[in-house]
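The first chain written gets the first letter, and so on, giving A, B, C and D; residue counts start at 1 in each chain.
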Amino acid sequence: MLLKDLREQVLKANLELVHAGLVLYTFGNASGIDRKEGLVAIKPSGVPYETMQPSDIVLTDMDGKVVEGNLKPSSDLDTHIILYKRLPAIGGVVHTHSTYATSWAQAGRPIPAFGTTHADYFRGPVPVTDPLTDEEINGDYVLNTGLAICRLFDRRDGLDPMATPAALVAGHAPFTWGPTPADAAHTAVVLETVARMAILSLSINPECAGVSKALLDRHYFRKHGPKATYGQN
Amino acid sequence: MLLKDLREQVLKANLELVHAGLVLYTFGNASGIDRKEGLVAIKPSGVPYETMQPSDIVLTDMDGKVVEGNLKPSSDLDTHIILYKRLPAIGGVVHTHSTYATSWAQAGRPIPAFGTTHADYFRGPVPVTDPLTDEEINGDYVLNTGLAICRLFDRRDGLDPMATPAALVAGHAPFTWGPTPADAAHTAVVLETVARMAILSLSINPECAGVSKALLDRHYFRKHGPKATYGQN
Amino acid sequence: MLLKDLREQVLKANLELVHAGLVLYTFGNASGIDRKEGLVAIKPSGVPYETMQPSDIVLTDMDGKVVEGNLKPSSDLDTHIILYKRLPAIGGVVHTHSTYATSWAQAGRPIPAFGTTHADYFRGPVPVTDPLTDEEINGDYVLNTGLAICRLFDRRDGLDPMATPAALVAGHAPFTWGPTPADAAHTAVVLETVARMAILSLSINPECAGVSKALLDRHYFRKHGPKATYGQN
Amino acid sequence: MLLKDLREQVLKANLELVHAGLVLYTFGNASGIDRKEGLVAIKPSGVPYETMQPSDIVLTDMDGKVVEGNLKPSSDLDTHIILYKRLPAIGGVVHTHSTYATSWAQAGRPIPAFGTTHADYFRGPVPVTDPLTDEEINGDYVLNTGLAICRLFDRRDGLDPMATPAALVAGHAPFTWGPTPADAAHTAVVLETVARMAILSLSINPECAGVSKALLDRHYFRKHGPKATYGQN
């Protein structure tokens, strides 16, 4: 079995989504990449999580062709691959239909940075793509979903994908990414909590303003970069 | 014991509703049909799920007369039977009072198709019946509940019951159906999640517009029909 | 030990509240009455549910004097007793601070009859008392809480306490009652679900109208009275 | 190992936050103080709760210098210490990012005293600090967070920290305190429930007025002071 360790990481990231209550039935998928081999390991399509084994994780090349595995890869594979191509520093991608983050995606609104919980993980609002056009939907839909995310990086004052490792696809659901599959899954779980608190904050105070740039930076750099003070490292 | 396999399927579908948190006490009921024998298998009325056995499932004919079983069938039996009569392609029906879908039914509003989670299962809004008239309520109430659902299929631009296998009864709660009892239960569980996200999306953005026809069709046909690409088949 | 069976019923009703997620820490209390002996059995005050035994349940007379038990009775005892005095047909009373029903009590609004789930248990809105006056609060507060509930029964078109076995105390929380402690606890659990769905229905449709009188009666008499059709009796 | 008993109390308080569902991953922290020794025991930074041992709890002096322990203390240590310095009667401090209380903090609104559940623990609204200025954020941020809380005590008609043992830091999250670490954790759990019911009450009735001063005092003194009647003492 090729890339046993990566397969196990990917399986574990998928199960973390289940454990955190982010998935219903077979919804959602996590993947990882081996940059040296140029291979992506991803959850199979529509297979129950309960019995999933490392050998069920599908290995594909960077064109989405299955290299090892008897199962079909997640139908969202092409979105994962375009993110790996565009973001050379990432090692894992996660997609869920988690309740609160998906509700923001359906509402077509970015998740505002209302507090330090958000700022600890995302250095600004979590953006939402433009709705896909009929041409994009009727064409290479899954790839176009990924391209819609990538366009967020290109906007003037757009998303810095390493500082804010998440995006919402309009009318669809969130994607997150990170150095490893575990990081991407962890971020997906925090995103769901942040999305939930943002709805509640708006319900209490519709004029809710969000945190200052100073607080955003303070918390972000508390957990990231050479001056990080959080944790045991 | 007649139709042991069908009884077991029906019991399993009922327990799936419990497992997914859709029922309180003895609320809710699932049924299945054996078209060849012309027999319906349905949950008994007001019996706790914890100890329910296949032998507790009640068998009735298409007039609702008990054919085998010592218990009384679900008081909603006549609604199930009229759906089986009207929809020859279905093999299972489920009724729950699940929190979010029931809240939409109580509000008298269809659940809009706000995202791809919805589109994967329902090719348009999940409709709500007209409120029953006093005559319908004081008459053959349970049958009239079913007839109110069937009228949704007859409206111009009305519900295609095979493409959108769910309806809300105004002031009451949802019904779902499908090829098997397991499918109907699965759809009831997804409906609850979709109903929840729709409330949240509206709370974030009261002007929430819903997905385009193109996206609705794309997701629907991803999981249904000869060109389906989801899962391992 | 006097009234062992009643004590066990009362303990079981208290634990049902825990099991259904209606209580935090030592919040809430259930009681039962032995009409022949003129004795009330009630949860002790501030004792953890985890280790509660039938012998911890406190027996008092109808003046609230402890007859058997080493523990102090629930501080809400006098509210329970006045309900037993006023309603000779009931055998159990339950008080909780359950999240959704309490939120309606805090909002000072009756819970409207928005659907059949409500109508199966309550033949009309669940009413809320007037706020207690400063005199009532500074006087015999716990008794006055009970008297505020009883005044709901006396209003013209007021609460029929046997048809709608629940009330909200304004700025406080719900009380429910029934033929047995188990019935009162069951009603408290359903009330919480009904309270939750009512908030959600209003959030979907602020003009939500509620069910017709015909539907209210139909569902009420489906589960109550000589023509009841629900369940196995 | 110094102060084994205090370490165990602090560990237990931290685990109570997990048990009550108030923390995600390594969020949140509880501490305790030994006034005689002048030592604070606090959760280590970013360590998983699942495997935490009393020996992992970090001991520091009142300047935040580690006295015993191989791990780094919680990054919120300086906020805890300033509260211990300012409030000589307290023995425990808790900080969480619990969903509902944090949503009020993000909204920048005090939690109103809408009911007796609130009044049993807090003798008035739970206040929110002013947002920190850029200078405070870029300076000694964690200490300044604590000073912002302390300023609430100094306002005319300000917070009585012994009668209302909780505060919200604007754009951040809640802090609670009490005689022991267990009390501070218990208060954090109740605060979360009270915060949740306050949002729901507002959603039902945006004009929700809150309880009277008389009711606030009645419930507060039911659980506090020489005339307390709740519980077994």
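Convention: a residue touches a chain if its C-beta (ideal position, glycine included) is under 8 Å from a C-beta of that chain, and two chains touch if they have at least 3 such contacts.
Remember, predicted model here, so these are calculated numbers, not experimental data.
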Task = Indicate whether more than half of the residue numbers at the chain A-chain D interface occur in both copies; give same if so and different if not.
result = different
Ask   = By CA centroid distance, what chain is farthest from chain B?
value = D
Ask   = For the two copies chain A and chain B, what is the rotation angle that overlays their Cα atoms, in steps of 5 degrees?
value = 90
Task = Please report how many Å separate the Cα centroid of chain A from that of chain D, as a whole number.
result = 33
Key: Rounded Å distance, chain B centre to chain D centre (Cα mean)   = 46
Ask   = Tell me, which residues of chain B touch at least two other chains?
value = 202-203
Request  = For this structure, give each pair of chains that are touching.
outcome  = A-B, A-D, B-C, C-D
Complex interface listing, chain C residues touching chain D = 24-27, 44-47, 71-72, 75, 97, 99-100, 102-109, 131-132, 134, 137-138, 141, 171-173, 199, 202-203
Query = Residues of chain A touching chain D in their complex?
reply = 114-117, 186, 189-190, 193, 196-198, 200-205, 208-212, 214-215, 218, 222, 229-232
